[in-house]
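In the part that follows, the structures are each spelled out as structure tokens.
In the two assemblies presented below, chain A is common to both, partnered first by chain B and then by chain C.
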Partner chain A sequence: MTTMQRSAVTKRRSTTEIEQSTPEWQKRLTSETAARVTALLAFVVIWVVMSWLFSRVPGPVEVGERLVDEFSRGEVFGNFGMTLYRFFIGVGLATVVGIAVGVVMGLSQLSRAFLESPVLVGLSIPAIIWSFLTVMWFGFGDMSPIITTFLTAVPFVVINVAQGVRGVSRDLRDMSETYNVPFGRRVRHLVLPAVTGYVAAGVRFAIIMGWNGVLLAEWFGGGGGVGYRARFWYDANRYGGFAAWVVLFVGFIVILDRFVLDRAIQRSFRWRDSR
Partner chain B sequence: MAVLTVQNLSKTFNLGTARESRVLDDISFEVKGQTFVSIVGPSGCGKSTLLNIISGVEEHTSGDISLTSDAGGPARMGYVFQDPRLLPWRSVMQNMMYVQDDQSPATVSRAKEYLDMVGLAKNADFFPGQLSGGMQQRVGIARAFAVEPDLLLMDEPFSHLDAITARGLREQLQDIWAQSKKTVVFVTHDVVEAVELSDRIIVLQPGGLIYEDITIDLPRPRRQTDKNVATLQAEVLARLEKLKAMSVAEPVA
Partner chain C sequence: MTDQMVVGAAPAAPTGPADDREADARRTARFRRWRRNALLALGWVAIYLVWEFGSWWFGSRLLPRPHEVFASAVEIVESGNFVTDFSASVLKTFAGFGVAAAVGAPIGYLMGRYNYWRAFFHDGVTIAGTIPAIVYAVMSLIVFGLSNFGPILAVALVSAPYVALNVAEGIRGVDRQLITMSEAFGRTPAQIRRQVLIPTIVPFVFAAIRMCFAVAWKVEALTEVFGGRNGVGFQIRTEYQLYDISAVLAWTVLFIAFMLVIERLVLAKAEARLLSWRPEERGAAL
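Moving on, here comes the complex of A and B:
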């Protein structure tokens, strides 16, 4: 080469060096916890500003007061319990049925050809349609929220599990085949660990979509529960009470996701972290 | 008694839209018990395909294959693949036990013995991701020996490893083989390796025909530094000189 090149040195810093040279305040400020706290603060600030600008947006203080009112009236636990009962039955059914159907769909070409379109249709029908239909079919009781939850959630489990089962390594399946590994052991040590992530993702979607479903069905079904109570305040033009219930059920789903689901998922992937 | 009999075996891959490719063409051979046979040939001549057909992972187009077991019942097979093929979410020991018919303590200690023979006794509780590539390959080898197979298939088990590790493992393989005298079908593209390890070398040529069937009659243990080994290696290489000129398998209409 004819052109002169100035030499440049790229130095790679060791983790120890990075650890020692970063000041404490900077480490805290750029931590993941700081990011989460910042997001929460930003949300509260936006909420407060919106409530100043628009009279129909109740501020955090008002919502807090309504929340306390609802607790002291004894409305919270009864309605929450009712909703949770419906929700867990619906999501539990969706998980069990979804994993079974998903595994079959992932293993057999024929069943995939048969089930692919129904599952896609299921995915594209929103919870609100199911809640109208189930209220029409089953009236005002536990049945319509349970079925709505199930129907909104189940396609997400099926599609994720089927995807996971199809992705189980061909090489590892061949290996099991040459060593004549019994079917049960293959499912336990090969298929299930390989699809854990997909099952978890499916169940997570199922929980979020199912929560949607149960609230909508209660909103229209009128048989009590969180959705019903939120509508009660909405119909009474009392946005504070309405927002208090929104805070309750959003808070519930966030806590469930962060502290239960997230941890369970991380635990099942320990083999991957420990390299 | 022959452990493995292959008769008029042919394999044609269907490439879709009426094109197909003949990979193995009317191959016949027999492997007797307690012998170490190598299959040698240039890349793409159908060596892995042949092993996959013997192991039952791949179907063959025509011909017969039969396996005989000593104990009666279906023949037991061990397979060391070109890559380790371990379950990433199970420990080394769990991987060893995954392929075992019976899960008794006796089997566990046998698995430990073989793990010890490949120098990995200390790593029994590691996940595969915590081992180097060579160590993973050694687990694959120990796993195959530990099922005490009637027939052990090995597909270029050392080709991904550095020269020093590969050489050490070849010597280990000879030692383990001397102790257990399994029947081995060993695929390699490395003639030098084949001469060092085998009683017999079957040379495949492009197009999937048997080019030569060579008997290697040298005392064991053989070491690469051994003069007789080196002489024979040179001789066999010279005999295969003509193979170089042949092109790699082309699809036939």
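Moving on, here comes the complex of A and C:
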């Protein structure tokens, strides 16, 4: 015991000592940028190895070719626009309705007891069932993806917003009650600023769920769009085409997440973060 | 709003003797419990009414009425297909979780412990978390074809990012002072890992698994719909191809009920058992 202790103590150096003794090249190799680049390289290597191991997995080169092919056929922008239109209407509706229902649910215990089971049921119905049903109900137009997106996304917004509203400071709520602040002003000035974070989390989740819903409805509905086009290649056993659409789509999601959603979230937190 | 009114009214109440007040409070509590249960029941009634209205609006061929779905659910349970398909689906879901925990927890550990690995994995894990489930479902089918590995891979792919992020969060939240103290007392890194870090991250792994359980079984069913050879999703696809919508809904309803039971009973119990050494968790979980 004592020998182990002694050896452990004598070996240790301070962090600055460790920092000074590491050579420059090693520091550069272990920097965060290097880590990112290495991760990217590792991903490509894994992809290539996978395409060697499994004959049906398309390699990066094939996917690139398909991507160029799809662009030159002019299939990309029309289908993408169609999907985006359906997606944004669905998620927008889900956000508005979800915030309204969530605020009501968070503010009063009675409405919470009433809405609890519908929200639970809504959360647990898989998107695929909604897409089956809406395709039968509304046919192959824009309606079925929009409704599927809305229905899969709205419970997540509701539950997050309700959670946030319940966490609003009790003291402030009691005070506004005492001073007879009208309901509208109370919601606008007290509840909404306090739940912004929860709304953001809910919308983020709704967006993930919404993409899934819109793609599924298009996959089974067949009225054009990204999902339809991806299915076209999948059914034709040309997995390269499918992977090309996945790459396009995931790239778009990442860009949307980084440059639009993050900015919007930062903007909506100005009141808190700036001094 | 009502709970506020009750809170506001409480200080005004103490006028009569103590027994009266206690009886009053008990009566109020009973009334409120009763009202809550009534509203809960009302919620289910509302669901039923919306469903009935929908099947009237769309016609019962496009949206079968609740009692028709119930009848086919009874038929499915009686026929006995129920057990084999359900156990197949549940086993695949848990196998996927096993893979996700085995892959995601070490990644999360590295991400939480070292800055290098955080930068290495961060982008990939966040992107993997935002990819829609349908992409994973179809991708696993492309890799494995029509086999049981497809759904397992899909569940693992969906859950692993959540597990990794949660574990990383947990590791970063570990009490720094505990680690410093262990180092000061000459504990080896292996001992620190086993006695300090791992007990701290177990709750986070569980939180992650419970969080993505709701997503995972849907992905599992989805993958089976696209290309499974057994399981609930396979049955749903078969019935859909026969245009037997009430059977589709019956399978869905049974599956949802079953999964909610698993989530509430099995996972919650297991979590409470594994975490019972933490005094504050014991009260919260039960």
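Everything that follows uses one rule, which is that the second predicted complex is superposed on the first by the 217 of 275 C-alpha atoms of A that agree within 3 Å, B and C clash if a C-alpha of one lies under 4 Å from a C-alpha of the other, contacts with A are read in each partner's own complex, and residues count from 1 in each chain.
Criterion: contacts are C-beta pairs under 8 Å (C-beta built on N, C-alpha and C of every residue); 3 or more make two chains touch, one makes a residue touch a chain.
Keep in mind that this is a model prediction, so the values were computed, not measured.
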- Query: After lining up the shared chain so the two structures overlap, which partner does A:Leu190 touch, if you call chain B first and chain C second: first, second, both or neither?
  - Reply: first
- Please indicate which partner A:Met143 is in contact with in the superposed arrangement: first for chain B, second for chain C, both, or neither. neither
- Message: Just checking: does A:Tyr239 make contact with chain B only, chain C only, both, or neither of them? Give me first, second, both or neither.
- Response: second
- Query: Any idea whether chain B or chain C touches more of chain A?
  - Reply: C
- Message: Looking at A:Asp174 after the superposition, I want to know if it touches chain B, chain C, both of them or none. Which is it: first, second, both, neither?
- Response: both
- Item | chain B versus chain C as contact partner of A:Pro118, first or second or both or neither | second
- Scan A:Ile265 for contacts with chain B and chain C and give back first, second, both or neither. neither
- Under the contact definition given at the top, report the residues of chain A touching chain B in one complex and chain C in the other. 174, 177
- Query: So in the complex, which bits of chain B are touching chain A?
  - Reply: 52, 55-57, 74, 76-79, 81, 83, 85, 87-90, 94, 98-99, 101, 127, 129-130, 147, 153
- Please name which positions on chain C make contact with chain A in the complex. 1-4, 7-8, 35-36, 39-40, 42-44, 46-47, 58, 62-63, 115-121, 123-124, 127, 129-135, 138-139, 142-143, 145, 183, 185-188, 214, 218, 221-222, 225, 236, 240, 245, 248-249, 252, 256, 259-260
- Item | Sites on chain A touched by chain B in the complex | 171-172, 174-181, 185, 189-190, 193-194, 271-272, 274-275
- Item | Residue ranges of chain A in contact with chain C within the complex | 4-5, 8-9, 12, 30, 32-33, 35-36, 38-39, 43, 50, 54, 56-57, 107-110, 113-118, 120-121, 123-129, 132-133, 136-137, 173-174, 177, 207-208, 211-212, 215-216, 219, 227, 230, 234, 239, 242, 246, 249-250, 253-254, 257
